[in-house]
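In order of appearance the chains are A, B, C, D, E and F, and numbering begins at 1 in each one.
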Amino acid sequence: MEAIVNFCKQTGFYLISVDPKMLIMIAIAFVLSYLAIVKKFEPLLLLPIAFGMLLTNLPGAGMYHEELFADGYVHWNMFGGQGDITPGLVDYLYLGVKLGIYPCLIFMGVGAMTDFGPLLANPKSLLLGAAAQLGIFITFVGARYMGFTSAQASSIGIIGGADGPTAIYVTSLLAPELLGPIAVAAYSYMALVPVIQPPIMKLLTTKAERRIVMRELRPVSKREKILFPFIVTAFVAFLVPSATPLVGSIMLGNLFRETGVCDRLSKTAQNELMNIVTIFLGVSVGATATAATFLSWDTIKILCMGVVAFGLGTAGGVLLAKFMNLFLKEKINPLIGSAGVSAVPMAARVSQVVGQKENPGNFLLMHAMGPNVAGVIGSAIAAGVLIALFG
Amino acid sequence: MELSNTFVCVMGMGIVFIGLICLVLLCVLMSKIVALTTPAKPFEESAKVSAAPIGAVPAAAVIPNRAELVAAISAAIAEDLGDSIDSFRINAIKRV
Amino acid sequence: MEAIVNFCKQTGFYLISVDPKMLIMIAIAFVLSYLAIVKKFEPLLLLPIAFGMLLTNLPGAGMYHEELFADGYVHWNMFGGQGDITPGLVDYLYLGVKLGIYPCLIFMGVGAMTDFGPLLANPKSLLLGAAAQLGIFITFVGARYMGFTSAQASSIGIIGGADGPTAIYVTSLLAPELLGPIAVAAYSYMALVPVIQPPIMKLLTTKAERRIVMRELRPVSKREKILFPFIVTAFVAFLVPSATPLVGSIMLGNLFRETGVCDRLSKTAQNELMNIVTIFLGVSVGATATAATFLSWDTIKILCMGVVAFGLGTAGGVLLAKFMNLFLKEKINPLIGSAGVSAVPMAARVSQVVGQKENPGNFLLMHAMGPNVAGVIGSAIAAGVLIALFG
Amino acid sequence: MELSNTFVCVMGMGIVFIGLICLVLLCVLMSKIVALTTPAKPFEESAKVSAAPIGAVPAAAVIPNRAELVAAISAAIAEDLGDSIDSFRINAIKRV
Amino acid sequence: MEAIVNFCKQTGFYLISVDPKMLIMIAIAFVLSYLAIVKKFEPLLLLPIAFGMLLTNLPGAGMYHEELFADGYVHWNMFGGQGDITPGLVDYLYLGVKLGIYPCLIFMGVGAMTDFGPLLANPKSLLLGAAAQLGIFITFVGARYMGFTSAQASSIGIIGGADGPTAIYVTSLLAPELLGPIAVAAYSYMALVPVIQPPIMKLLTTKAERRIVMRELRPVSKREKILFPFIVTAFVAFLVPSATPLVGSIMLGNLFRETGVCDRLSKTAQNELMNIVTIFLGVSVGATATAATFLSWDTIKILCMGVVAFGLGTAGGVLLAKFMNLFLKEKINPLIGSAGVSAVPMAARVSQVVGQKENPGNFLLMHAMGPNVAGVIGSAIAAGVLIALFG
Amino acid sequence: MELSNTFVCVMGMGIVFIGLICLVLLCVLMSKIVALTTPAKPFEESAKVSAAPIGAVPAAAVIPNRAELVAAISAAIAEDLGDSIDSFRINAIKRV
């Protein structure tokens, strides 16, 4: 009889009656799944995140144990199974996040999928990619005023970089306790770029500006494309050493792509390796969103500040483009500035769509790809600065 | 010592801008050097590389029928835009 | 001269003369390879298992060290190479088994390959999948009477679940010392389903029953297929938390498949990731079968009880189907009950083949797929109960 | 305390049956809810989904020539059966 | 102000001014990249190696920490992030090299790509594969005279085996401090085989010998091809147990290939798994080449002795072929002896090309494939002997 | 005790040669056993296996036109040689 009682006390039905907060988390997991599946919000990551969130909040399942990673470092001695905790599947997968492995491997795949040609054809784009990082730092200040620590504020600000792997990398280093809400915010807002950006873009530009037609981009030689990854890696690593893992990974992937001598590595980096890591990353990041950490005012604050960060980044890019037009003979269309937030390639598509509404014969996509990929480099540098200051 | 907000912002945006401005210079420099060191037939090589839709324009620019060109580019971009294809319509084929 | 003697003492020829039992193990490895290659007994797993068994029993090769995993937990401190033991390749690969990672990843791939449509079209199938777990528990009792501990008896019983990953997961948790024989039994008998099941099915059914034609299954909407994984994960995790890793993994894979928004993840989960894990799992499970553990009466007992478990499971499914027919207006063909043991999709094919011998126009395959996949869920629940009781 | 065999068996099969019976109910409930909430054209959607060989039967059922139907299904199942294809023979095309 | 100074002291520009040796390493990394990309020297490995070398020598980036692997074993306690060192991405990837996992997995892929048919058709080829290991041992002696320890000399000698994974496996076990130069030498010289070998081959053979036409190879049955991996694994493991990981891995991969029942495993082993491991191996091996270890006379010595080892191996193979011709009725073309160094399939192509210059109708390729794959087995045995003596 | 150079060399090359000589013997032995135990139609099986270009020769050897054969083999080998294809030229079709 006692055994039956014991067994019942192990069931989730009993545990949930003790702590019903988990039901809210399960509901949130379902909402996120809905957004991923039906609304197609970055489903490749949001669906695993939502499922990880579901798994971690199933009472008694023991899929993820925060204690193993308490105080920001990995307690290896608790991983063998001798102690009170029996680590679960997600604990092992989470190691790849905690140790900064997954974001770098995903960035390698991103690099293998990225064409820096439009950026090389118009290097001025890089400036727009710099201006769009404005959101990161203003949000950082805002987050500090709202009571977050500097490390946490950095992680929240980096949402405005609109790069999932960068946000996860910085957060896992500086504020792992916020990984759940920050990942959800980053990927949701990246999917919402077509909703968030257009009003800001229209507000800050005149009809005439939006109608500016840009000159065709010059063709870029293979040689330039091959040299570019080396130059960026070496220079960024010299300037901000802590950005090296991110920048180095993306540039290694890009090198596989552009040299043409490593096609099988390029193919694997952008397909199988990336898919495997995406599954592991998504599930384990989602699993950090336990009821205790996720159900708090901080999460609401982070979600609010995230959207502010995106908006300010968009504004920064557009405004710098307008400012540059004061000096340039050949005007640039300020709509491509918004693409500087990254969110590749969605933000560039938004520039194209908004631009074409004013002038159907205007093709901004390729021009916007320049700032778009520049934004990835810009965010990585910003991330490096924040890690250097607060890591 | 807690770093001030101003310091972090100025420092942060400063480094980002310094970094990317230097990269602009390095890229321009690299392009110049590559252009100088590439012997002869740079057109052929680049033509092979520029598989991007816009890159095809130089060659196509001599075609008298501008309309076809616009249609071709539109199709290429539309393909690129993927799922947001509905939001994209060519109202008329007009000379720009 | 002394050096030559030393070197000779390191060769396998010397070592085997000291302990010739390993020769028997090598012979067994060849027999298993023969079964895998020529008889095509689940070759994807049995060939790596056989090769792992070969490697581990090559004297002096030091591919696998039981001491690293003694007493049921992982001795991390011995992994660095400071101690007397230099861990070998298989030791590292075995970590994925020991920590319960591989079975879950394989289940994710299984989920991505499984269509739960036939089950949803006829939910009654789930009951047949429950009845077929009878073999697990009766075998458990038998194993206890034969002198095994409760934990060992659980691992032996779970052979009757006819699910490789479930059997390996339970055994690696409860009785890692029996991993070799249990894995061999589980995969061999799964391959032998077309031999083991038909006599039992014919014995327990009348000719008239075997000729029953079932109504076509209703089509199942995509929506149902997407909701199903969520419902199963949440409900099973609540009822038996310890089954969550298995059920969660299979349902995550199924979600990748059914939502259609994660096609690249689904493809990778069921191909490359699954293949990589299969190689690692097979080799390292095979490597646990050292002469010391494998060459004992226990192995013989396990092999005998394994086939009993399969038989009883088959009988359980068939008999429940007959019992249900007492109450149902639309009779079900009891031959589909045997598919409840899982062994997807072989057991369902057996139902089809046996049914067609009596009535060539009778197509039971799709009807049998329902109990077949239900058996996977049933076994996972049974596994969860056993882990909860004896883990 | 060693658990008795009876306890383990009753408990084990009990939980398995309780679990799967509840899942039956949940599945039936879900199907009902989905059927209620799915607006109109449920047939079209489901037709797309049921790519399984048997699923094709409803549409094919109106075809007068039953023989062809059986042959088609047989072929589909045979393909599904894979390596055990030898053990599968259509003795005659007869109406069922 | 102080903060700005602190930040500046973190930049690579400051650090490089303190220790400018890293600039030389970065230049070397660019040279290697040039060889990989433009000259196509084994680019699949040399490009990742070069990039790893670049990353590890970016001052302040902290991608790789030698301290974690000091004294030849892994300091797990420093991996959690509690100590002074924060392990970087490359440190984690390097674990796969240090623990001997990557070379074995690559060998599995190599096995899945290798056809031992030509070897089985003409088993005498195995002797040529043995003779070509001469370079390993003579170089070993030379290296000892030049002041290297026995363990280091073994690692240097094994360059002559012309097998990348074997060289890396041996070096990571015996002399991890030399991993960088040895890997660079091994892969560079493998790419240079068409330059290194022909003069030696021509010097040691007469025109008449080079014109010898060999009889067509007999067809080899599938059965022989399946039995071969078992025989080699068992026999080599008995003779030299320490060669088992290498030989076992290659033979497992070959078994996947030849049995035909594990096609999906074979495909994954030679594609995705191998590509992933190649990226990780290349980057992390390159990363061991820090300025401190690479910029020394030892590196120059290793590069010199590596080419000597290749040359002596070539000579050994050719001379044994000539010696065998003294006794054989059916003469063999001594040009196929040079293929015994491995460097599959390049060395075999060299035999073909050199042979055809003398006699355009002479097709030596298939005949040379025999010694070529035999050289892989021979090098593995030699590696096993050296590990057994100095491990 | 430091091992002498002679010892290491003799030992090393010795073991390598002993090992590979034994493998030669084992391979020959295996081939014999396989040939003995393979019932009847060994030709058909082996023909399927020997997809290698040279393996095709036995069948082709009866073709009177030797020239075509050489051309075919050359093409097969050329394909196999891959990037070093330039260094490979058939000077003339002559009987060997």
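What we mean here is this: contacts are C-beta pairs under 8 Å (C-beta built on N, C-alpha and C of every residue); 3 or more make two chains touch, one makes a residue touch a chain.
Since the model is a prediction, treat every value here as computed from it, not as a measurement.
The chains that touch both subunit A and subunit B are E. On a Cα centroid basis, the chain most remote from subunit A in this structure is F.
Looking at which of C-D and B-E shares more C-beta pairs in contact, the answer is the pair C-D. Under half of the residue numbers found at the subunit A and subunit E interface occur in both copies, marking it as a different-residue contact. Centroids built from CA atoms put subunit C at 39 Å from subunit A. If you average the Cα atoms of subunit D and of subunit E, the two centres end up 54 Å apart. Spacing of subunit E relative to subunit F, judged by their CA centroids, is 23 angstrom. Of all residues in subunit F, those touching 2 or more other chains are 3, 11, listed in ascending order. Across the assembly, subunit A contributes 3, 7, 40, 76, 239-240, 272, 389 as residues in contact with two or more other chains. Each chain pair that touches appears in this list: A-B, A-C, A-D, A-E, B-E, C-D, C-E, C-F, E-F. By the touch rule above, subunit C contacts subunit A in their complex via residues 72-76, 99-101, 104, 108, 226, 230, 233-234, 237-242, 244-245, 248-249, 252, 255-256, 259, 261-262, 264-265, 267-269, 272-273, 388-389. Of all the residues in subunit E, the ones that touch subunit F in their complex are 115, 117-120, 123-124, 126-127, 129-130, 133-134, 136-138, 140-141, 144, 150, 194, 213, 216-217, 219-225, 227-228, 231-232, 235-236, 239-240, 349, 352-353, 356, 360-361, 363, 365-366, 374, 377-378, 381-382, 385-386, 389. On the side of subunit D, the complex with subunit A involves touching residues 1, 3, 7, 11.
Of all residues in subunit A, only 3, 7, 10-13, 15-16, 26, 30, 33, 36-37, 40, 43-44, 47-48, 51, 54-55, 58-63, 76-77, 79-82, 87-89, 92-93, 271-272, 275-276, 278-279, 283 touch subunit C in the complex they form.
The touching residues of subunit D, counted against subunit C in their complex, run 2-3, 5, 8-9, 11-13, 15-24, 26-28, 30-31, 34, 38, 42, 45-50, 52-55, 57-58, 70, 73, 77, 80-81, 83-84, 87-92, 94, 96.
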